[in-house]
Each structure stands twice: as structure tokens, then as C-alpha cells.
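The block underneath contains the structure these notes are about, expressed in C-alpha cells.
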């Protein structure tokens, strides 16, 4: 299985009035074609920033560095803005948390589809084979994502649709462009459970049906379990554990992953008192060179102060923890 | 359909406002001190002359009666007759002759203000924080702080008396010569528009910046739309509504400016008419002008509302 | 006003018409060129400093701007030449058959604008109309002493006076007199209002249109009796509210000629090659009117104190920017034969004597009083300066109250004031300056002033036909008046006309007979 | 903060410098008529030989006083109407606010002019005119904010404890909406000055010898071809004052509204 995306030594720094802070540091991971990579971690751990760094969607005061970023076999870290824009949407797209805020409020859903289609007219000429071809495609996709009379909603404005509908529409919009890589940033958080369930089902379907790869950002283990082939756990701007979904979920190696999994199972089991991970994310300014989870770690020991590299356990299984030094 | 219903609703509100406003003006006018008869009749006003005058203008009929007839006439477009400044002349005729000039100068000014502010505002927003931004913003700040009539005189001093490029006084009606009107209206329009332009520019700048930070802009980028496209169809398009709303709100200040500036440049408009009437205590004319101005503002607001409704789908909900 | 008509008033057609008319007042350079190309077919004679012209019926008119127009539309029996001598106008000749009988021979072939011939009947009708006891003409008192008017034949008319009346001839001249000859056939039983709106006279120009507060449009009267006058076929008279704006308009090429000039600008304009400035000592008087029926002006000593407590010369410099002369009485220097050249002590700045008078007065320093004034411009500064200077010299507390001209005028007539700036322009006979202002029952006497001896002298002057002797009487009367200081005479202002260098043939008269002089203008 | 600085300078000038000036704002000197700007008369002298700069200082004082009083009046009445309307709601709300909208629909200066004709010219009436023009602004502001604050839990709580409405309005609501009102006020003062200047300039406002900015400009306008400095200089002074007040207003607004402040970063 070849790699669609290879990320090495990704580092994102925000220039703030208070000085510069590294929000993402030394992040390495791969996305294989046709797979769903789950990016997991509590909110603020840098999941979204990581992805937006790759798509170069961060505001000017953020600076992104990477040893290398290979997408579809070509180095994209060095591309200039215009070249890179060619990739966005057409090859790699992102679905954001808040579907309502993702649409231009003064334009119809149809407008969005039309311009998105224009955008990819070269890679998907069939969309303009005849007037309305793109419309039919859009309607089909909308039907696919669970909006039966898609044609009708093309004429309506975002504020006339529910959050769930918009989320589906957004997914359809992205699919219209047939990108190779789709980043879905917690696409379900703003939705109620039923809709959430439906969306998750939707993604499962898409994953098999379209030959695109997904990065699925979430903090919800159960969703990850349902959807992901592999999982990368992020903590405080670093990836602390990578592995096949079932491995990571059944037998987490990093204390943080363990904590996450425990809370999740307890949640599922409706346990009375949740045993949460004590403490909270360290603040960016007071970050030391050492293991960033140390302050909250139950197994903290001498040596944790020194920077922790990813340690390879088995094929495709890595963890950033001193405990696994030996193996 | 929705838009139509919305429009009709707005229209009704405007009309009621108009009527109530007219009543308010009328009643206040009646409460005004000073005898119009004395003001009207020049030299040698004999008591019986005054009495006759009062009778002729129905000034001694009971208030309510006067009011009803006045309202009826006004709806028919008849504001009665002038007392002093144009003895006996029909006010409707007076105003009809001058309204086009006022409207022309007003529109001219709005046009300027819009043009200038679009440039300054956008530049400031796009180069935000850079020198050109600070420059634009401070220009705007100074702009708001200039009394329009004073600016008018400075412009005369500069462009008419020193450089001799433009006529310093007088106005050619657009009906007579459009080019003439454009030239003679230039300085008045400039004088009036300066403060407006400043306010517009600020509003535009803020809402541009605000919209530039919206999620959908990032989303649009993630679709790979070009920066120009994003600015045009997302940032600018969404900022235009508050911008238009401000234009609507500012119109009352703008017309205020028109009143004084018309006087400075000798534009025969409703504004200068009102000032003359104010001096000559010509109550019916002052009354009529006030109402005409009210009507202008209301209709502008109506237009603004409708435009916004057209631009902003949420409005008609 | 019924529906159709009211609808009509706001129909687009009227809009266009109104606006077009309105705009003619003010032009851009090239529309001027357009006209110049037509070899100056229109003289744009701006009436500066006024925005209101109400009636154009001579008998009813009172405001000076109204006369600016009337003088162009009408003729009188007589008129003044540039030397201010009386010459015939509609009257070819006249004789004084007895102290109380005048006979006028009318010019033949004079026609009104509507083509009807002007005859003795019209003259009789006009004068009877003006002097009618029950009429409301502001000018009726001028002709009160006429006992009878007889039409001898179509071209001869006789005026019978109750007693000898010297000013009569001046009052029959084309000035601010109301004796302009109007057509009997239109007014006898006709609608006076519509006549006032569309006047018809014998003048060089006939009335075309009047857009209130904007302009009056005239066109040449083809049947005018003076050969090849008027030279310029059309006249527009834009109404320009501020004199200063008048200058701007002239410099901006919007008008060719102005009725007045702002005093402040005259010196500069004289230097300006783009402008021709005509200036002459004016026939007018500016004073502070005092109400003798209210404190503190009921006290002659207080009034005298005021009269000597300020510097008239300084006033001329400050208020008129030097464009005038300090008054030595009510009769202006321009009426030399009746004007006392030797400065009267009571009309000169003399702080010591002023204080002395105040001592005698029953009101001391700290006395409060209100001086009325109006408008912007020099009227305001006139009052300001007066109050300030007097307060400085006498320690009084005069306060300026700014009102509006019409209001001030009605308050004056209602004697509802303490003191007020006032003045009269364009009066052409000493009788107007003295009898009408100072005589116990002079109609311009808003001060409640009454002095038997002065009255007697003024009546005698009216009867004195010899100008020299008549003048002496006026000088006497004014010296007498000066003792009582019934009003505080301040100054006479010069009259000005501004015009572009292209304008030729305009003759300025001291009473600024504006419209009357347009017929002679040869080019613009 | 530039606004604060300029306004400071302004106040210092009209309160302190005015007294240090060797000239009187009203006393005339016929020896120094219409002197162009120079070192002893930096703004030149007017037709009465009065030092224009001195007059401007005193004039600014009066104009500012008029404007402040007018705005203060507008603020108190407007706020009262707005708050009560929002608080009690129902018909009263409808009528009151509609009336405010009506006032708001008149061109500001036209309304002022109209009022001057009715009341007659003079300082106090200019004040009323300004008040009338700005009342609806404050009414609306107070109305909208009261609507919000009214729903806040602590207000609800206080309500539940049956506190008298007046007390509630003054103790609980007013303090929470005061800040934006103050911002509006500081900008209102600037506009107030413009209105005063405009009215007096036309001769319909403050009357001489009282030296208000408008009066000085009106006087200068009469002979501005002969002595342009009187009009231009006094006008510049007005711009300076307005600039200060406007900037001050913006500054305050940023302070009050965190969203705007963060945007300003």
C-alpha cells in the first residue's frame, strides 16, 4: 500500500504579541491511499492546526516548517502559493467542524456547487459536458449523502437548512471535486447523536466507495473505532502514538492513549464516576523540552525530562514514551 | 414573493411615519410664537389688512379645521402659499423648482462618498496594519472632523478663487445642462461628501476585516478559490450589506450638510429655500421643507431596506 | 386649490420648467461663452444681498430689490439724470402755473408693454391710486397734499396742490416713490394681485417671469419710446442672498453686473482687472433708532450722551471698511444743497462732553438697554460696534439683540423696542429724510419724536420753492434736531455696482437706480 | 491614545491658555483691524481688531459647553425613555420607540433648523436643538442594551426578589449599559459642535457678541475674500477639536467593546 501523504518533522509556530509559540512540533505521519487515518486527542492538542498546516490554511501570523511533505509522490512543502492552490480542493480538501459557518450565507447551495465544479472543470470536464451536468452530479451526490431531493435544496440558502443537512451538503460539495485526500475535522461535534450516527455511517460508506483517503479528526474514540484504519494520537502538539486502529484501541501503549481509551470505555459502559485523566494540557509557553505528558503521567520517572523520540514497537506501531525504551 | 410582502410592509411603515411626522410638524408649527401676518405684510400693515390676511390664510379657523384642510391639500401635493419670501407663491411650485437640484447634489455627494470610501476602505482593510492603512484611517478620521460648510469655503478659496478651475457660486440645473450641473455641483458635492466618505470608509474597513476572519473564508480557500474570488464573492459581498445600511443611516447627516452647503454655493435647492424661509419667518415654507426632507429620508431608508433585502436572503425571513 | 391643479403643480413638466428657470440664475463658464457667442443677448444683472421680491406693483412695493426691478419696468413723469437733476421722462415738459398748480405735457406715442397707448388718464389713475386715503400704498403720504388731478387732454394733465409743495417733482420721479405710471385699462377694476405678479408698464423692459427667491426674467420692450433703447434684448435678475456671493458669482462668470457690493471687498476689487467697480457717495442714511417712550431714551441728555460717545469715523472704517462717510445729520452729503458740511459738535466723538451729558441725565453709567439688529453681515457688526463703543465710553450696558429684518421692522412700527439699527436707502428728497422721519406725523417717525419748532421748519421747507432757500431751512431744522438727538445718526454708505469689463453704458446714480439704468447698457 | 492627548490639549487650551492670552475676546482695538496671522496674532485679527486665536479659545469653550449640555440632556432623556420602554415594553414601548424613530428620520440639521425657527435663536435653544437631535440615538442604544441586560440572571434574580422597577433600572441595569452610552456621548459632543457651528454660521444660532465657534466663522465668512484667515483658522480649530473628540470616542469604543479591541490588535 503506497503512501498518499508523508509528513515529516512538521512544525507550526504562531507569532503572537507575547512572542512565538510552537503549537505543532516534530509531527511525522503517513496517510496511505484509500485508508482512513484517525487523528485523536483532546481539543487543543493541535490536530486541526496540523491539518490546516498541511493545507496551508492558517492565517499569516502562523509559520509552517517541515523536513518534507510528500503528497502524491511530490514534495509540496516547497511549492509556491499559486502552484499549491492548484492542489487545494482539487486534490486535497477539508471538511470543517461547523457546517453552518462553512457556507457563504448570501449564496445558495447551488452557487457553491457551481463554483466548486468550475474549480475542477479541468480535472472533471464531464461536469460541464452540458448545461446542468454539474447540477445532476450535485443532486446525485446529495442523494448519496442522504438528501433525497437534492435538486430542490440547490436553490435554497444555507440559513434555510438544518446543521445536519448542511454537513451532508458540505460533504457532497467536497466530493464534487473528487479530491484524493479529505480531511474531516470533527464533522459531527455540532450535531445531535442521531445525525452524528448518520454522518459516521455516511463516511463509512464513502470510504469504501470513493477511492479517496481520509484524515478523520476526532476526540471521540467510539467514532474512531467505527471508522478508522489507523490512528494517530496527538498530545500537546506532538504525536504520541501511532498504530492500526484495533491495536491502539485495544492495547494503548502511551499513558495518555490509555487514559483516553479508559474514559471512552467507561463512557460507553455508563460507569457512575468517570475516571478522567487528571490535570490538563500544559500551556504552550511553559513547555519544557521533556515529555509533555509528564505532569499528568501516572508512571512519570527519571529521564522523562529529556526529549522523548518516537519509539518503534512493531511494524507500523510507534509510541513516544520512556516506558517502551527497552523493547 | 416574500420580498414583495416585506417591501409592502416597509412601505406601510414609511407612509405611517410620514403622516405622523407631518402631524407633529404641523402641531409644533402652530405652537410657534410670532404672528405670520405681521411677518408677511410689509410696510404700513393696518389692523384691518392684518385681519384680512389672517382670514385669507384661514389663520383664525379652529386648529383642527386648519389641520384637516392642510393635510388634505398636502396629500394633493399642495403645501399652501408662501407668506414672506415669495409672497403668495404656491409652495409646491417653489419646491418643485428646487427639489431636483437638491436631489442632484445629494446623489452626487453620495456617489463621491461611495467611490472614495470604497477605495479607502478596501485599501485600509487589505493592507491592514501597513502604512497605507494607517494613512487611510487617519485621513478618514480627519474627514469626519471637518464641518462641511467650512470645507466648502476652503474649496472655493482653493479651486475657484486661487486656481480658478471651477465656478465658485451658482448651480446649473441638470435639466438645462447635465455637464453644467456636474461642473457646478462638483464643489458642493465634494464639501458634503467628505465627512460621509470618512464614515463609510471606516464601516467598510471594519466589516471587511470582520468578514475576512469568518470560517467560510477559510473554507473557500480550502476549495482552492483564488484570493480575488474569495475577496469578491465572500469578504466583500458579505461586507456590502452593513455598508449600505450605513449609507442609509448617514443620509440624515448628508441632507443636513446639503442645507448649509447649498447656501454657501448658492444652489437653488430646498435647503437654501428653507434657510431663507427660516430667516423670513415664512412658517408654511419651513414646514413644507421639513416635511419634504422627512419624505426624502424615509424613501431613502425604504430603498436601503429593500436593497438589503435583495442582497441579504436572511432579511425577508 | 382643487385636485387637478394641485396634481398639475407637481407634474414633471412644471418640475422641468421650474428647474430650468431656477438654473438660469447661475451659469458655468461655457454656458456664458455660449451666450457671448450670441453677442450678449442677455444681461445678467444680479440683485445681491436680497432673496425676496414680493410685489412688482409700484404702488404696493416697499423693498429696495422690488424697486430694482420696477425701475426697469416702469417710467414716471420725471427722472433724474446722472447729475441728479430732474428731467422729463414720460412728461415732455411741465410748468408751474401757480404756487399750487402744476401742468405736465406728456410725451406722445408712449405705449405700455401690452401695446396700449399711455395717456393722461393713466397718469391721473396712477396718482389717484397711490394717494387714495383709504388705500394701503406705503407712498400715499408723499402725495397727501395733492387736492385734485385733472385730465386736460390725452397728453396734458394738471395737478392741483392743497398748499405749495416743493418735493412734488422729486416724488414724481422714477425713484422709490410709487408714482410709476401704471395702465388704467388693466388695473381699473382689474385684479391687483395678478398685476403685482405680472406687472405691465411703459419701461424699457417688460416682465417675462419671476421664480421666487431665484430670479426675475425680463425682455426688451420693442415699443420703448427712447430710440434704439434697450440695446440688450434680454435681462435676467438673479436673486443672490449674500452680497459676498454676488462677487463670487461675478468673478465666476455667473453674472455680468451686481446691484451692490460687499463693503469688505471693494478695495480689493478696485485692484482686480477682471472687475469694474462703480462707486459714489450714496443717497441713504443709517442711524440708531431710539424709542422716546421707553427708558432710557426718554431722556434727551442720555440721547445726546450716546450721540457723542462713539467715533463715527471709526465706525465707517470698521463697519463699512471705509465705504461711506460719517453722518452729520439725516440728510446725506450727496444732497449737497441741503446738507450741512460743517461737523455738528453733537455729532462728533467727544467723550468728555458725552460723560458730562450723562451726568445731567437721570440715567447713570450701568444703564441697560437693548439694541436690535438682524441678519449676518455688517448690520450685525454695526450694532455690535455701536454698543461696544458706547459702553466703553459711558460705562453703560447696551446689549445687542439679533432678530430678523422683517421682525425688527414690525417691532419698530409697533414701538415695541428700545433702540435699533435702522436706515433708509434710495430716498431722493430731503423731505423724505427729515419730514417723514422727524415730523410729529411723519410716517417714518417710529421714535415718537415731536418738536414743534422742527415740525414748523419742515412744513415751511415743503412750501419753499427756491432750492437754495429750502436747503437752508433743512440745515436749520437738522441743527435743531441735533440738539434733541431723536435718533443717533451714524453714517451714509457709498453705493456700488460691480460689473465685468465687457459691460458698458451703465450709469450709476446715488440712489442706485439699478433697473432704471439697464436700458442704456450697450454691451456685456 | 491620540484622542485623549488632543482632547487634553484642547481642554488645557480653552481652560488655561485662554486666560494667559494678553487679549480680550470681546474688546475691540481699531488700531489692529484685519491683521493677517503673525507672531503676536497667530490666527490674525478680525474686523473689530480682536485676536482671532483668543476668540477661538473662548468660542470653543462656549461651543463645547453648549454641545456638552445638549448631549447630556439628550443622553438623560433618551436613556430614560429607552430603558423604561425596553423594561416595561407593551404599548408604551411601541409608541415611545416609534416616536424616537420618527425623530431619527428627520435630517439632523433640518430638525435643528426647524427647532430654531420655532424657539427663536440663542444659546439655550441651540442646546435644545442638539438635545432633540441626539435623543433618539441614546434612546435606541439604551433600548437595545436594556433588552439584553434585562434577561441576565442577576437582573431576573433581583426582579424575583421584588425590587421596585425604578431601583432595578438604576442599580442593576443602568450601570451595565453606561459604558456604551458614554462612548456615544463623546462622539455626540463632536457632532453637537458641528450643529452649533452650522446654525450659528447661518446666523440662526448663537448670537454675537457671544463668541461661539460658529459665530466667529460666520463673521469671517462675511469678508473671507478680504481676510481669509478668520474663517480658515477658526475652521481649522474646529477640525482639531472634532478630531480629538472623535478619536477619543473611537478609543473609548475599543475599550468598551472587547470584540472591537481584539480586532484592533
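When the chains are written out, they are named A, B, C and D in that same order, and each has its own residue count from 1.
What we mean here is this: contacts are C-beta pairs under 8 Å (C-beta built on N, C-alpha and C of every residue); 3 or more make two chains touch, one makes a residue touch a chain.
Quick caveat: nothing in here was measured; it's all calculated off a predicted structure.
K.L.:
Using the contact definition stated above, find the chains touching both chain A and chain B.
P.N.:
none
K.L.:
Stepping chain to touching chain, what's the minimum from chain A to chain C?
P.N.:
2
K.L.:
Just to be sure I understand: the centre of a chain is the mean of its C-alpha atoms, right? Then which chain's centre is nearest the mean of all of them?
P.N.:
The most central chain, going by mean C-alpha position, is B.
K.L.:
Please state which pair of chains has more C-beta contact pairs than any other pair.
P.N.:
Here the largest contact count links B-C.
K.L.:
Could you give the separation in Å between the centres of chain B and chain D, each centre being the mean of its C-alpha atoms?
P.N.:
Chain B and chain D have C-alpha centres separated by 21 Å.
K.L.:
How far is the middle of chain C from the middle of chain D, if each middle is the mean of its Cα atoms, in Å?
P.N.:
44
K.L.:
Cα centroid separation between chain A and chain D, in whole Å?
P.N.:
Here chain A and chain D have centroids separated by 55 Å.
K.L.:
How far is the middle of chain B from the middle of chain C, if each middle is the mean of its Cα atoms, in Å?
P.N.:
So the centroids are 39 Å from each other.
K.L.:
Counting only residues that touch at least two other chains, what does the list for chain B look like?
P.N.:
In chain B, residues 161, 263, 279, 281 touch at least two other chains, as defined above.
K.L.:
Going by the contact rule already set, what residues in chain D reach two or more other chains?
P.N.:
In chain D, the residues touching two or more other chains are 202-203, 221, 224-225.
K.L.:
Please list all residues of chain A that touch 2 or more other chains.
P.N.:
Where chain A is concerned, no single residue meets two or more other chains.
K.L.:
Quick one: which chain pairs are touching?
P.N.:
Inter-chain contacts occur between A-B, B-C, B-D, C-D.
K.L.:
If we count contacts the way the header does, which residues on chain C are in touch with chain B in the complex?
P.N.:
For chain C paired with chain B, touching residues are 1, 3, 5-7, 9-10, 14-31, 51-52, 54-55, 62-63, 136-138, 193, 197, 211-214, 238, 240-241, 245, 248-249, 251-254, 375, 404, 406-407, 409-410, 413, 443.
K.L.:
Write out the stretch or stretches of chain A touching chain B in their complex.
P.N.:
Per the stated touch rule, the residues are 52, 55, 57, 85-90, 93-94, 96, 98, 101-107, 115-116, 119, 157, 159-160, 173, 177.
K.L.:
Inside the complex, what are the residues of chain C that reach chain D?
P.N.:
Answer in residue numbers: 244, 247-248, 262, 264-265, 267-268, 311, 314, 317-318, 321, 375-378, 380-381, 384-385, 387-389, 400-402.
K.L.:
Across the complex, what residues on chain B touch chain C?
P.N.:
Per the stated touch rule, the residues are 34, 38-39, 42-46, 49, 73, 76-78, 82, 84-90, 92-94, 96-101, 156, 160-161, 167-177, 179-181, 183-184, 263, 266-268, 272-273, 276, 279-281.
K.L.:
For the complex, give me every residue of chain D touching chain B.
P.N.:
Chain D residues touching chain B: 98, 101-102, 104-114, 116-118, 120, 190-191, 194, 197-198, 201-204, 217, 221, 224-225, 228, 231-232, 235, 238-243, 246-247, 250, 260, 263.
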